[in-house]
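Below is the structure I would like to discuss, written out as structure tokens.
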């Protein structure tokens, strides 16, 4: 029992730390990537001086994110005069926490057997015995549903913020956020149902497991190959839920100043912004899990490599775990890079066009996709199998 | 063609007893202020001067009708300009508005009103446009000192 | 500094370390509020885009909400009509805040010595950095930003004060 | 240190035309003057019904710097720098329009080289101006990268002009009866290079924007105005041309060297934002075409007319001849003696008809200078383009109107 606590505690700490770090790094990636895209240099001045020396670490401006965070912590925390105090204070947390919590159900690695992992240390090995864990914070059977449940809460943050700020622009932003997130949540949900039909489960671990197999003997059975349309629709809708250009209407800078968080200062604003970056990571992680085979390296499963032609190469457990975790984060980062690329290339929609896009274009496509998938699954497997 | 048009216009206006002459490439017409609206209508409807370019005034502090109100019109069909000038006195600097004829006149009359104090009869929206509420005087009149400020915000110190 | 503030060595050391840390964070994270009005806007556009790129200094994430910005860049002529707006924006900004007078018009009214132009924004709000030029070249703007960064790094940053 | 809680005492500089919504669920929103999309100098008080703009009340004047009053205190020559700061995106066009007006009044004919050079520089400025306009309007639609591409090429143009005039934005390069000085060595060669670069960068913008579905959706059928309405509201320049009317002063009333050039007048179809964007893009191409012709047509010769009423004598003669010395002093202290009279000269500036109405009383100082500024007239009809569209369209419409504060408010 105590072993479970230790392992899951470690997972929680690891997940939160990783997400924070990824969020921080993403702020830097966004700056640098946009700079590269427009032939600029980007942030490169913030340094860390190693104490008691004059050695300054610049590292391509990586520490600008730290400076931003620290500055926001130390900025005056302003409160509007007439406002709903509780709602105003809670709103950033409503935006931030659900996004963070979504990660709990995402598996970031395969089977983890601590006893084997620490094989060459006597103590841990005996302590853990032969228990095995799947690498995720909360191994829930209804993982995918939890994702949507939590995703639905995030909109409350935006709505509360806009409503309690006593500012017309904030209110407009909140209204936009509400209708936008609800519309696109629906599309996201519908695109994923196709996958559920194919995999027959909403357990994310099992979904990822099934993606480690091969199609036709050579193609990894990733969601993106099984459901290419769903993958594209999911990506579009997820970008919209993340409220980034071209879907950043709730905070459209040139229209609504800063949208629903116009009146927020200091770290409360920081939380909104940070939530946005973590949201990118979460979307990338979800996309990776659902469509890119999760932590699976192609031609690899929990036992080792499985090359085309049924050649099996066994790998030590340590290597497998490390490879899986690395693969997961590499995929996530590549996806983040892609999302940022989109954000810096396109102009933004107009409010009514955005909704029309969701209801008249994405939703029918998602339904057609679902229908075709259902027919295909029925034809291939037969009813009731 | 355009010279022909201007000649016809000049002849028509001279017939009505106006002064009209060519100067620096356009026809300049001096009219009494009562005739302004009619002349503008004639220009627009009879001769195709459909683009209202400009209205402004010139302050001649030592002259008896103190202000000249100056209009410029352009014909987008014939590519010629015409200038109307009417003199108004300093005690009663009011002319008729041209807003019913040209939408563009609305803003320019507001500007002319606040800058030189010319009134436009019939234009009921003469709020300040370049200046602000509470500004006293008309800065483009020659008797307004150039450096007389009327700050809205109390200065520091 | 009054007598009650006499500090011993260790405390003073900690205070300077704290100032250094806070100053470091604040100087590399200057979110500007571009209060852009006139000709200098052209140079402001240049200085924040590819060729000159103020992002290098961590000063290129414009926040158009005064609550979220640290640096009020007053770019261009401020007229008497504009003055209440500028003053209000300044008051809406959250501490700590800095003001940059970008160009001679913001600094002193420039060559508009007449009834309409405010003769320098320091008549209504305090200014930290003045950048001369009509409009200033981007290089002098960058110099201004760096001088402001030095000023921030070199000043003390009280964490607990009456306002904050 | 900070002064707080005085906000309520600050006076409101404008009086809105309406302060109660016309319907139950209307909301009145104040946009600007310090709003990211209004360039800091415009205030739009809009009544919204949902996201739809029901009424709009446009206020400008936040950049009224007393240009016309200032002119009356300067000589004809020394007010050239003020003229620069009218439309600061294309300062050279203002310069030349003003100089042209004074020259007309003085009956001075400029030298052929100056005539061609002014034409060339006007077109060059027009490119920079349209570029700024397009960059700003696409940035407001969220397309940062397109904005930065345009800024890069504009920076090269600025540096190139700084090479010629000594300033990046406000050049003060025109002189009554000529120009400040001749082209520096190698300037035309660099110009050729920049035009080539321009074509590459503009190709990227075409690729990013022209057929971009989102961009088209945001701009097509938004801010539509018909030709009749546009003329009624006094619109000129690219905005009038976007409605389909090929009205261009360069073609209609040729000035400078335009009658000798081969160029087209691009027009739009609908008079919407996309047309305004595209007309500007096409006009830049036409300008490049004109510059290429002018580079070959540019004759040799002096740039200043040999007229002692306006042209400064050469320096070595000032130091050696008493007549030239006195001439120099008279020109500096009293200014050029412009014969009494009045003149209206209009040039096709980047935004439309830029007219200078000058009244001289025969001295070295103007009696009255009035500018017919296209932006100001456009702002007078702006509400027509906003009403009935969405709040988000305010941004894109206003962006393509290219309101320049200095010119609008003077």
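Chains here go by letter, A, B, C and D, matching the order in which they are written, and residues are numbered from 1 within each.
Heads up, the rule we're going with is that a contact is a pair of C-beta atoms (placed from the backbone, for glycine too) under 8 Å apart; a residue touches a chain by one contact, two chains touch by 3 or more.
Not measured: the values here are computed from a predicted model.
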item: More contacts between chains, B-C or A-C; value: A-C
item: Distance between the centres, which are taken as Cα means, of chain C and chain A, whole angstrom; value: 36
item: Intercentroid distance (Cα basis), chain C paired with chain B, Å; value: 44
item: Distance between the centres, which are taken as Cα means, of chain B and chain A, whole angstrom; value: 64
item: Whole-Å separation of chain centres (CA-atom averages), chain C against chain D; value: 30
item: Set of chain D residues in contact with two or more other chains; value: 10-13, 35-36, 61, 64, 66, 69-70, 148-149, 152
item: Per-residue multi-chain contacts in chain C, two or more chains; value: 49-50, 64, 81, 84, 87, 95, 114-116, 126, 163
item: Where chain B touches two or more other chains at once, by residue number; value: 131-132, 139, 144, 146, 152-153
item: Contact graph of the chains (line, ring, star, complete, other); value: other
item: Pairs of chains, among all present, that meet the touch criterion; value: A-C, A-D, B-C, B-D, C-D
item: Of chain A, residues touching chain D in the complex; value: 34, 37-40, 168-169, 172, 245-246, 248-249, 252-255, 257, 344-353
item: Chain C contact footprint on chain D (complex, rising order); value: 1-4, 6-7, 10-13, 33-36, 39-41, 61-66, 69-70, 81-82, 85, 88-89, 132, 135-136, 147-149, 151-152, 154-155, 158, 168-170, 405-406
item: Residue numbers on chain B that touch chain C, as the complex places them; value: 131-132, 139, 144-153, 155-156
item: Chain A contact footprint on chain D (complex, rising order); value: 27, 29, 35-37, 51, 138-145, 148-149, 152, 208-209, 212, 214-215, 217-218, 390-395
item: Residue numbers on chain D that touch chain B, as the complex places them; value: 10-15, 17, 59-61, 64, 66, 68-70, 72-73, 104-105, 231-234, 236, 245, 247, 252-253, 341-346, 353, 355, 357, 359, 367-368, 370, 372, 376-377, 379-381, 384, 409-410
